[in-house]
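Which chain is which? They are A, B, C and D, in the order written, and residues in each are numbered from 1.
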Amino acid sequence: MASLAAVIVLSLAGCSTDEPVTGPSGGPPSTGAGTGEQSKFFVSADYEAELAMLGATATGPAGKPWEQVLNPTMVDTASFKKAGPHKICFSNAALNNPWRQVGFKTMQAEVETHRDKIAEFVHVDAEGKDQKQIADINDLLGKDCDALIVSPNTTATLTPAVEAACRTGVPVIVFDRGVDTTCPVTYINPIGGYGFGHVGAEFVAQKMKPGGKVLALRILPGVDVLETRWSAAKLVFDRAKVDVVGVEFTDGDPAKTKKIVDDYLQRYGTIDGIWMDAGAVAVAAVEAFQDAGKPVPPINGEDQLDFLRMWKDQKLTAIAPTYPTYQWRTPIIAALRILDGEQVSNPWKLPQPTITEQNLDEYLDPDMPPLHYAMCGCTGLPGYPQRWK
Amino acid sequence: MTTPGDVGSLLDLRAVTKSFLGVRVLDRVDLDVAPGEVHAVVGENGAGKSTLMKIISGGYAPDEGTVVFAGEARRFRGPRDAGRAGIGIIHQELALLPDRTVAENIHLGHEPVRRGLVDRREMRARTSALFASMGAGPVPADALVGDLGVAQRQLVEIAKALALDARLLIMDEPTAALADHEAELLHALVRRLRSQGIGLLYVSHRLAEVFALSDRITVLKDGRRVTTVPTAQTTTNQLVRHMVGRDLSGYYPGRADPGDLGPVRLTVQGGGNAKLRGIDLRLRAGEVVGVGGLQGSGRSALARALFGVTPFTSGVVELENRPIRVASPRAAMRAGIAYVSEDRKGEGITARQSVLDNALLAGRALGGAWTGRAARVTRMRGLLDAVDVRSAGTDQEIRFLSGGNQQKVVLARWLALGPRVILFDEPTRGIDVGAKAAVYDVVRRLARDGAAVLMISSDLPELLGMSDRIIVMREGRIAGQVPAGASEADVVALAMGAVAAT
Amino acid sequence: MSALSFRAARRTVPGVYLALVLTLAIGWLVVVLSGGTLFTQATVVSLLHVAAGLGLVAVGQTLVIIGGSLDLSVAYVVSLSTLVAAEAMNGSDTALLPGVLLALAVSAGIGLLNGLLIARTRIDAFIATLGVGLLLKGYLDSGYDGPAGATSPALVQALGYQRIGPVPMSFLLLAAVAAGAWLTLRRTRFGHHLLAVGGDPEVARLSGVRNDRVLVAAHVLCSLCAGLAGVYLAARLGSGAPRVGTEGIYDLESIAAVVIGGTALAGGRGGVAGTVGGVLLLAGLDAVFNQLQLDAFAKQVVRGVVIIGAVAVYARRVIGKGRS
Amino acid sequence: MQDTLPRRALPVRAGGPLPILAILGVLLVLVAIRQPDFLAPASLMSFLGRSAPIILLAAGQYFVIVSGEFDLSVGSLVTAEVVIAARLIDGDPDRTWPVMALVLVSAAFVGLVNGLITSWLRVPSFITTLGMLLILVGAVYLWSDGSPKGELSEQFRRFGRRAVEDVPVLGRVPYALLIVLLLAVLATVLMRSDFGRILVAVGDNPRAAELSGVRVGRTRTIAFVLSGCAAGVAAILLGGYSGVSFQAGSGLEFSAITAVVLGGVALGGGRGSVAGAMLGALTLELLFALMNFFGVSGTVRPAVQGAIILLAVAVSAARSPSR
């Protein structure tokens, strides 16, 4: 009886997906392509703006992308001018993955370079909980901070707390994920998820054999940064009439990734392109092809060193759009400028470099650990490289 | 006096039959109780009394026959149903929650409510009133039941049944654990309830109190009703004949001759712990020593102390003249002591394991040897055959066996170890007659093979029939000893203290 | 026997409050020595807010655990409830009440499903609620790719941010729910029956308690509490959040708070007062670690030790009592 | 009420592996229909190899569950061991063997601690291992500053990733499969031994076992140690299969418990076979593969999984006569 039920459930579930029949071009024609409806997070204007910025040139000191700005719109900060040394507070969404770890270490190093201006740097980790971060911000507001930096855990849900912080008059600087309010003095982030997703998908779509099959590997559903990446990739694939045979969630688990890739190879014989919304499991995906004895198709990863090394060693056809960790330096720089009454750009759009075949060697550093993010902009900071090891 | 089927009867059972696993536990039993009557039910252990009481109180449904209560044929769906109809029961095994207060336990399932909330004041008041009406000592309504002694718990149990305003009250051995003065209070209470028009079904082993209290007596034997007689028209002797009704001499294996007795196997001097005081004991090889006494008198505590379950905290234990320290069952087993618990389901068997696994459990627990495992299994199969276990095979789960066959498996478990001292606690509780005989044979054979046997039993004929001598316990001490061939009265007198002797 | 003196069943203040006071005292000392302050108004407000969310879930969890059961689906119920409430309200104050009621009704329905699976089909509570949790996860993952809906501004104001002195409304809500649960356990038939079912199902049955109904009702109440926590979080976050329950690890944390509060995992013993203490202890640890800016990972280790240690202490007490 | 049990002879012995075999059979038929070439030796071998870690964890969890306890710490133990191994080896092949030994020993030690706390401090194992879960995750994050460091050597990874090549008929046989087969045989032998029978008896009725001379606490502690060892081996295989990450073991404790229950093992102990538990794990893995083959959307997968677990367990609960 249980088995019978299993059959029913499985077949129902199987039927309910718009899974394309094995073949060159499947998918329900009504939606125009095989990747389904666009997420409700998709904002067409933002998408267009980000794509435009990919080609723009940044202003600011050369070789210091963390101080550069794309399309600057300066705002006046004279009202926040204050004599130092300062107390700077930081409400952090989480520290639970290598990207945030590398970023936070970079930020700490940046703080160290300003010892003369920063008397105290207070950091509170919300452990990935919206609820705790709201409480944390509230808590920090009672601590006489001269500036408050927030890296929100979720855009929508942290908005009220950030607004409350703005109302107290403390200069608020938001980076990484944004908030749905314009009250912070500045919002710092690189070009963004659409750009990331677009670059990877363009590469994969171009390099793969025409009419081939692409497998999209995603980390989790429902995380806004990741959703925007997929939204952009969808547009590229749909426009290029690429057959996206599957969109799977890996939970960032390499074992799960390998199993999924393995089963897709089994099911379709070959997979001609891999697109990923984050690089964490890129190496596992490549390994799955190697272990199955299949050629590794065009793939995108991120700037984590294990992937870059594999790329180099295995001569992969690959690209690494980045979401640079050097953006963790900028909030500190911005905070100090604001407290000095200097103008800053709002939004502060940082360049978002892409690692390609051509510049790969610049980012390969044999001494750094495999999960280090190459685009940290940290080589000149105090404590390098030991701090990041 | 009413006759069965009379319109005036409160409860009327007709041809009630119940089988468990093919064993007929009750066979066409008729029984009736009138309002304001105390109807005693007597019989040996395993005669079917408890099953009958559970059928009346909704714990079991009868296979055949009818239950007529207050003029209506009823088929109770559960204890709640029966309770609501007006049938209360005092359980033999105490059905109380140790982590709840006296008042909460008494009112469980029918808490007084005022404005939607449980009225704790009312509960306390009712509790005090109940104890007052029982004439019992003050049991604080707010004490946790877990903090009470056995006797107080028994009183709580009685109060719990009374709290329901029952029209029929079933008492299943209510005085078994009570001291004399507490039993007297209970008797007074029973008379008071009778005068209020409540019908009482009174199950007891104490014939004296049966005669003192009851209006009529029904005798059950092997699941059948032997007779129902007005109390005034019968005597103890007649009753015992009805209850036993068979030739005891053929039923129990022969006793040991004095010449068969071997050296002293086990001695205890001044043994004591929380439940025992000043235990002096000497067991010789080849003898079966019976242990009598009321429930709670320390009989089981003695066996459990000797087996290291709740060890002696004072005194000296010597096995074959060498002092030993029995700190755990395992230590006891290593010294050659075995123990068959009275609670077969809770402490004897592992219900979902096979017959063979159950039988091998003790041997496996002790033996670390990898060699000879096959031989051990073969030997055990032989033993299981020898004690005549009836099962669908040694791979059958033991829970599907009858109580008697389960007990035989437990016996085989210990026989395989060749124990030098073996302690039996109610070895025949809840098993059928055929199996009893087999158990008796095993007990005697163990003694003949040179073991010292200690056997606890509430079943006086069994105790008298099996033992070479009987020690009787009272309030944690050994009250005295009676030789083989003594009478039930001798044992009872010692067990209850001379005052209450029949 | 007569010499036996009775210990009146004074329901003493659970030991967890002693631990709470000690933790806060030591925490305060360490924080002050390192040059900070622990009991600023902002910190206290934050602490109480964190406690409110977890506390609501944990009070419900206490009820099922007392009944000898367990609920691993609460985290998903919390998430679902935020979404149902926020989507029903859709930013309008007029839909406040219907939104709250709908969220609670949906939660109660899930509790009913849990209860029926456990009481009727006899699936172990662990597996039953794990399975129901997976069902909910599937629904949430496929239905939502991020925060959705908008909580009515009035509710955000009243429940999410309003406070009296340092005490947020949400904590008062927790206090009210906890008081209600306390009263339920102590002063209603259902409460008495629940403690009996958890203590010894057979005794309860013989005493005429309908075990199945009691267990189902406990699960409905537990899910209602989780649903209420969802409503509070919707108010706090301003919208429905499909991952808020799992991010908060409300399933395991609520169980941890319950056992730290002295409720026996086997059922039949304990109460909500202890649970609230357990919640405050966990929130207090949060506060102290925040002030000292210690790693969240170190806190994780401390929590693990506290959970095991607390239960070991309770176990020791029970053993000691059994021997006396 | 034991006495009221129906007398009918059960067609299938409760807790036996037959029901799980039936489910597995149905899933295999579905696979055969949907993806016939999956049953070819090459892909079947690789499937079995990659399923090895969860099968091992299920076997380890079985020992604990059948003795009447829970082990919620295995997932985080796997994570911890993988991260520890990577940091200690740090890509140096010479350290492979000592570190592997250390992984096994430390995993066994964690099991020992779980067992001792549960047995001697009388903390319910659910709580003990929940606390241990938090401690392990916290400690390993703390030790590695929140990001795994170092690298596993190729020698270490070989066990989870490589295979014996050119085997007649089968093609390549993963080392992981060989290891799991060996350990499965050992586990089966163990469960048929005196210790195994005692372990089940302890889960069935600890009181009766104790009064038959069984050292209940020690027996259960050994079960926890076995679970820890299984987690250690699973960590070696999983680390080998997929490399180092903090996600290596996350959620595996629930998968393992689910697998064990699917395999007909009763929570609370006393019933079920280790073969059933391992087959349960295999079934779960096959279910995931099947969902890949059927293209079940990633977001509804948990729901399918939940529904199947509930149905399977409800059916077996309905079949089981004991209440």
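The rule we apply is simple: a contact is a pair of C-beta atoms (placed from the backbone, for glycine too) under 8 Å apart; a residue touches a chain by one contact, two chains touch by 3 or more.
By chain, UniProt protein names: A = Ribose transport system substrate-binding protein; B = Ribose transport system ATP-binding protein; C = Ribose transport system permease protein; D = Autoinducer 2 import system permease protein LsrD.
Because the structure is predicted, anything quoted here is derived from the model rather than measured.
Interface comparison, B-C versus C-D: the higher number of contacting C-beta pairs is recorded for C-D.
Chain B and chain C have centres, each the mean of its CA atoms, that are 44 Å apart. One finds 73 Å separating the Cα centroids of chain A and chain B. Each chain gets one centre point, the mean of its Cα atoms, and the points for chain C and chain D are 30 Å apart.
As a whole-number value, the distance joining the C-alpha centres of chain A and chain D reads 34 Å. Contacts with at least two other chains are made by residues 95, 221, 249 of chain A.
Residue positions of chain B touching 2 or more other chains: there are none. For chain C, residues that reach two or more other chains under the stated contact definition are 141-142, 295.
Chains touching one another form the pairs A-C, A-D, B-C, B-D, C-D. Partner chain B is touched in their complex by these residues of chain D: 2-5, 7, 9, 13-15, 194, 197-198, 200-201, 204-205, 207-215, 270-271, 322.
Across the interface of their complex, chain B is touched by residues 1-2, 4, 6-9, 183, 186-189, 191-193, 195-196, 199-200, 202-210, 268-269, 321 of chain C.
Of all residues in chain A, those touching chain C in their complex are 39-41, 95, 122-125, 127-132, 134-136, 138-143, 153-157, 159-160, 164, 221-224, 227, 249. On the chain C side of its complex with chain D, the touching residues are 117, 121-124, 126-128, 130-135, 137-139, 141-142, 252, 255-256, 259, 265-266, 295, 297-305, 307-308, 311-312, 315-316, 318-319. Residue ranges on chain D touching chain A, taken from their complex, read 19, 22-23, 25-27, 30, 35, 37-38, 43, 46-47, 50, 53, 141, 145-151, 161, 238, 241-248, 250-251, 287-300, 304, 307-308, 311-312, 314-316.
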